[in-house]
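Chain lettering (A, B, C, D and E) follows the sequence in which the chains are written, and residue indices restart at 1 in each chain.
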Amino acid sequence: QISGDVVRIGIITDMSSVYADIDGAGGVEAIRLAIADAKGMAAGKKVELVFADHQNKADVAASKAREWFDTQGLDLLIGGTNSGTSLAMAKVAAEKKKPFISIGAGTSRLTNEECTPYTIHYAYDTVALANGTGAAVTKAGGKSWYFLTADYAFGTSLQADTSAVVTKSGGQVLGAVKHPLNASDFSSFLLQAQSSKAQILGLANAGGDTINAVKAANEFGITKTMKLAGLLMFINDVHSLGLKTTEGMYLTDSWYWNQSPESRAWARRFFEKMKRMPSSLQAADYSAVAHYLKAVEAIKTDDGDKVMAQMKATPINDFYTKGTIRKEDGRGVHDMFLLQVKSAKESTEPWDYFKVVTRIPGDEAFTKLADSKCPLVKK
Amino acid sequence: MSNLILETRKLTKEFKGFTAVDSVDLQVQRGHIHALIGPNGAGKTTCFNLLTKFLTPTRGQILFNGHDITGEKPAQIARRGVIRSFQISAVFPHLTVLENVRIGLQRFTGTSYHFWKGLSGLRQLDGRALELLELVDLRDMATLRAADLPYGRKRALEIATTMAMEPELMLLDEPTQGMGHEDVDRVTALIKRVAEGRTVLMVEHNMKVISSIADRITVLARGAVLAEGDYATVSRHPKVLEAYMGSEAAELQGAH
Amino acid sequence: MTDFFGVPLPALLGQLLLGLVNGSFYAMLSLGLAVIFGMLNIINFAHGALYMMGAFLAWMGLEYFGVNYWAMLLIAPLIVGVFGLVIERLLLQWLYKLDHLYGLLLTFGLTLVIEGVFRSFFGVGGQPYSAPEALQGATNLGFMILPNYRAWVVVASLVVCLGVWVLIEKTSLGATLRAGTENPKLVQAFGVNVPRLVTLTYAGGVALAGFAGVLAAPILQVNSLMGSNLIIVVFAVVVIGGMGSILGSILTGLGLGVIEGLTKVFYPEASNTVVFVIMALVLLVRPAGLFGKEK
Amino acid sequence: MNKKPLGYAALFIAIALLPFLGVYPIFAMKVMCYALFACAFNLLIGFTGLLSFGHAAFLGAAAYAAGHALKVWGFPPLLGIAFGTLMAALAGLVFGLLAIRRSGIYFSMITLALAQMLFFYFLQAPFTGGEDGLQSVPRGSFLGINLENDNALYYLVLAIFVFGFWLIYRTVHSPFGQVLTSIRENEARATSLGYDAARFKLMAFVLSAGLAGLAGATKTLVLGFATLTDAIWTTSGLVILMTLVGGMGTMVGPIVGALVIIALENKIGDLGQWLAGVTGIQWFTGLGESVSLVTGLIFILCVLAFRRGLVGEAGALWERLRKPANAR
Amino acid sequence: MAHALEIKGLQAWYGESHILHGIDLAVPQGQVLTLLGRNGAGRTTTLRAIMGLTDRRSGSIKVHGQETVHLPTHRIARLGLGYCPEERGIFASLSTEENLRLPPALKGGRGKVMSEDEIYAMFPNLAERRHSQGTRLSGGEQQMLAVARILRTGADILLLDEISEGLAPVIVQALARMITALKAQGFTIVMVEQNFRFAAPLADHFVVMEHGQVVESFTAAQLESKRALLDELLSV
């Protein structure tokens, strides 16, 4: 029973604005690869892909999703980057009783306060990043921390989460300075950070703010006395900064293209098409769709409830990750990696940017079920 | 009530070390057409701007009907009944002639802030507006856009709008400037007509106009009062002759 | 060590100096805006986009043609200027007779287009660009470590700003420019080729933006959105300054940079809004801005 | 003479019938919200001559205020909307007091800057949820009718829209509107006639802000969330574009403009793919990723060639066609 | 006699409105021509059309024999024309002195270049207000400045629009003396005047306009015989 005799998958992501590089058109391409690997078929029916740009506007995302569910018989919705849009789409999918997989949203609310039976949060969330970087760096010897924090919900919660982990792991938080969003000049904040004499400067910000902060840190020689830890950074950010500026930085991610032979192989395929290496989100796009198609193939239906049950029941096992989707709240649980940026000397080929410092097991990285604020979790 | 409608006491305006109006004591009698003349740059327009608070006096006092209005805002002064015209014509170009006048009348209806009301209330004003237009010979142009009027007619429209405010005191700044002779005569007659029952203070360079309608004349020079009196007195005043009228004085009567 | 509200004096001096660096950018951009506004009566919303273009050109020059920073410091403003020339001839010249707001709207549209084009070619990620060899490193001033490049930014922009000020306020070309601002037709009737003057003014104004862009490239992230974040702050600077005088826009730009720098020390959360708060305060006291003339 | 009200009535009846014609109610409601927003904006630019570049602030303020009232305080829907509207009007008052003393482009820049300040506040304030937005705002019920039903909500929104439009129409054609026109035409003269120009402009500004707020609050009710998009400066640009495309200073122009722009925003990707399919030019597939570029081009085109907007140009064309006919 | 300015069939438009309907004028070198007419007759427009300041124009305008109808305004000016507009056009952002110095010397101009001292001697008011902002001058002072400004450029053909407007009688007399002097120095002058008493003794030629057309044209010598006609045309 495939509705409409076609399995239709839709991705709504930022294709034109600040997050377009880490997902965007590359994400769409990754999904195409996943469909191609399934020979374009699932349960004997054709698989089709639709995609749209939400321009980081929740209303555009929600109305597009709604329209697809109602008029196109969409069977699976993939949400790309931007938390606000994902939260809005999750509501729509739940209303239509269709699976929604959020790949690139950072907010942990998707599987907590705002969880639904149809939401899967696949790749990462801010809690995992905090746990990953905070714990691993502290254990690796970065005992004293100072934070440079974007002054809005995302930044503050990232800082709070990380601080908790740092303290728990035996580290010490010496202070924090808040900066406004899109603060073009970071030098003042950095000088304040420097005078704290902390070992680690945690960057609780994202995108352009992180990049400008790193650039200035380098310029003022702060990297000589402190190690930077990007709490939300992607390979694309390192690419645009260059190794010279980022050398030695720590960051946590769910995947790195050079982490295993299978990953390398897939990344090559992606590179052929996009002329750059995939980000972890793009790999996750592939993995999520592949996982879905396998589920449909297995139970021969695209019924929302049944596919959700099947996806949650089967472990994920591909080049991207090995893990599970938690039955109760839809949290994807898998290993995360603490990465360190190589020096230009160590880097042997283009896009060879990271060395893996530690692997963080999934159940350490993600919110424990016991701590979940999801109303669906029975306690 | 005193016979003085407007009085200034030591009215002074300084611009960065330059005194444009220099302790002027002006006294305007109720019911007069009072002319303010003087050489260029004497401070006449500045005086007007002070009286209507388009400029703030540096020193001095302005009394209107015995009230000190020195501290009031332009719109407040207008509401007291002191209405001015401008040296360059001031109409609302894209409104019709009728609407121009109606804007003036509208203020008395007290509905100007009523954004929920229709325009039907305003139509009651049309009759009065047309009367005013009749007064300035604009009745048959009532539906034209003000922008399409010839220059002289715009000045007339301006006067009609000013009249709509039922001003006690009208301030006219060079009302005949830039007009053909035909229009000058018309406007002079018009001023004379509308001045009945109210007071007019006007700046004018056209001696023919002044001599024919002004009851009293104040001559300003370099910001200060040079002479004052009726036309006969002023036009014979030697200092006025020297500073303002020049050798032409003898034939002044026939000027223009 | 002397403290100043709990902040050591040397640190404070450091922050002041850093504020001056930012102020230099504000000054240069608001100066360009003021010049263009004066002559064309157009608020050049595209100023931010052209600033971005300057930065990108610096990067492209190095990346594709191996042209170094110093050469690009001249070439990029030139290219941006020529681009401005084209914009003015092609688009803006049809708007002079219309209400100002159309100029604002057109250049707003232009901003979207320019940013869109850069984005579709280069994505939204930043491009790496580092300071030229000669200016790398930092100098220890005793109270702080000042990267040499930042010192250079302050010097370069001050020199440029001063030069423009002299040109406009003290020369007869400047007088002609100011007159052309008010009544271009009449100035033309005196035998001055006003259309050409207007075109060149626009080109010159945006070249200033391009120059600022090149200066910014080694400090800030070179990306397609770098201009739009800045332009609104620059607008606020212009409102505070009052656009009345060239000197006003320069002083206000520098001053606000410094104030912003201080805010980053005492109350960092507000450092983005402080400019707007000051704007509100200034407007309450002086509606025409600090240096503006009441109409 | 009295054909106009009939025309509007026909328009509203047509809108009322849309859901029966298979039009997507949520889409139509969203368009109505933006149309009201644009109409409110047009009250300023088209009839008062003030270009506000910060109108998104009012949309956003009302969206958050209403959302908070509905979700956290549990206000009933209409009361929530009223609260949002009130907050927007209040914001309008504050902005107005600061901005109204400057005219022209300065006014635009000041409103833009103030709006940006409010944006930063929304970004940092905890109750807005930062970039996650204020999500899951309940629709509640009105007079016992459950508004979770799209069609029921549709008519409520239509009623709000008609009310807003009526208020704007009234304002423009009122004694107050007359004074506004005169101030736009010649401020010094209006002042000398005893009108306090600043007060009139301020009132128009507050009115416009309030109506923009009404649109924003209603939007929150319809979509169930309020996000930073509502308050960001590009949204202020968008509403200008809507008004410009539709026709400044015309009554229905902003409605048409809102429809065009919202449709474009939602459908441009499909349009690009369709174009690529028809023409075989691959470049068009990327159109969906270039919304702002296309928006920019429309802006430029409108300013250069269609300043009167769709409705204005249509009106002018109609006049031209009619005139020779009359002459004959 | 060489004509400094020769106009044939000049038509001009403001937007859609057709204002001048074929004007013919010829001004010999060194003479003064006065344009008379009621308000709105098109005299100002004639001057503006000569300078290329109307929206559109056609016909022929020869300055010292050179056709200018297709030239942009600044090129026309450089042939030696000085224009003093009706609305004066004093620049607010410039001081009196800067206003005076603004118009560049015209390369094509063959007229006498007056020095600043001579100008200040002629208009003492200006000397006194030399450093004040242009528009802070009184109406009359602005008028003086507007005239003074074009005497510095070397223009030999002056187009003067209502220069006696709004001036005190003493100043008007001074202006009359100035025009006589300029004429003696070989300037060619086209004046628009409302003030017939001012213009009458100065002009060599009179042209009366009505509705954008020339309705009457005569020389100073014929003035007396045309009095009656003039009274009717201008209702003087």
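Here, a residue touches a chain if its C-beta (ideal position, glycine included) is under 8 Å from a C-beta of that chain, and two chains touch if they have at least 3 such contacts.
Just so it is clear, the model here is predicted, and its values are computed rather than measured.
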Query raised in the report: Along the shortest chain of touching chains, how many steps lie between chain C and chain D?
Result: 1
Report summary line: Overlap of the chain A and chain E neighbour lists contains C
Query raised in the report: Using CA atom averages as chain centres, what separation in Å is found between chain D and chain E?
Result: 52
Report summary line: CA centroids of chain A and chain D: separation to the nearest Å works out as 36
Query raised in the report: Counting in whole Å, what is the centre-to-centre distance of chain B and chain C, each centre being its mean C-alpha position?
Result: 47
Query raised in the report: Measuring from the mean C-alpha position of chain C to the mean C-alpha position of chain E, what distance in angstrom results?
Result: 44
Requested in this report: Would you give the residues of chain C that are in contact with at least 2 other chains, written as numbers and ranges?
Outcome: 116, 119, 269, 272-273
Query raised in the report: Which chains are in touch, pair by pair?
Result: A-C, A-D, B-D, B-E, C-D, C-E
Requested in this report: Flag every residue of chain D that touches chain C in the complex, lowest number first.
Outcome: 45, 51, 53, 98-99, 101-102, 104-106, 108-110, 112-114, 116-117, 120-121, 124, 233, 237, 240, 244, 286, 289-290, 292-300, 302-304, 307
Report task. Could you pull out which chain C residues touch chain A in their complex? Result -> 11, 14-15, 18-19, 21-22, 116, 119, 123-128, 130-131, 138, 144-145, 147, 149-150, 218-221, 223, 225-226, 229-230, 261, 264-265, 268-273
Query - Residue numbers on chain E that touch chain C, as the complex places them - result: 51, 53, 72-74, 77-78, 81-83, 85, 89, 91-94, 98-99, 101-104, 106, 150, 153
Query - For the chain B and chain E complex, residues of the former touching the latter - result: 15-16, 18, 38-45, 87, 150-152, 174, 177-183, 205, 207, 243-248, 255-256
Report summary line: The chain C residues in contact with chain E across the complex are 172, 175-176, 178-179, 181-183, 185-195
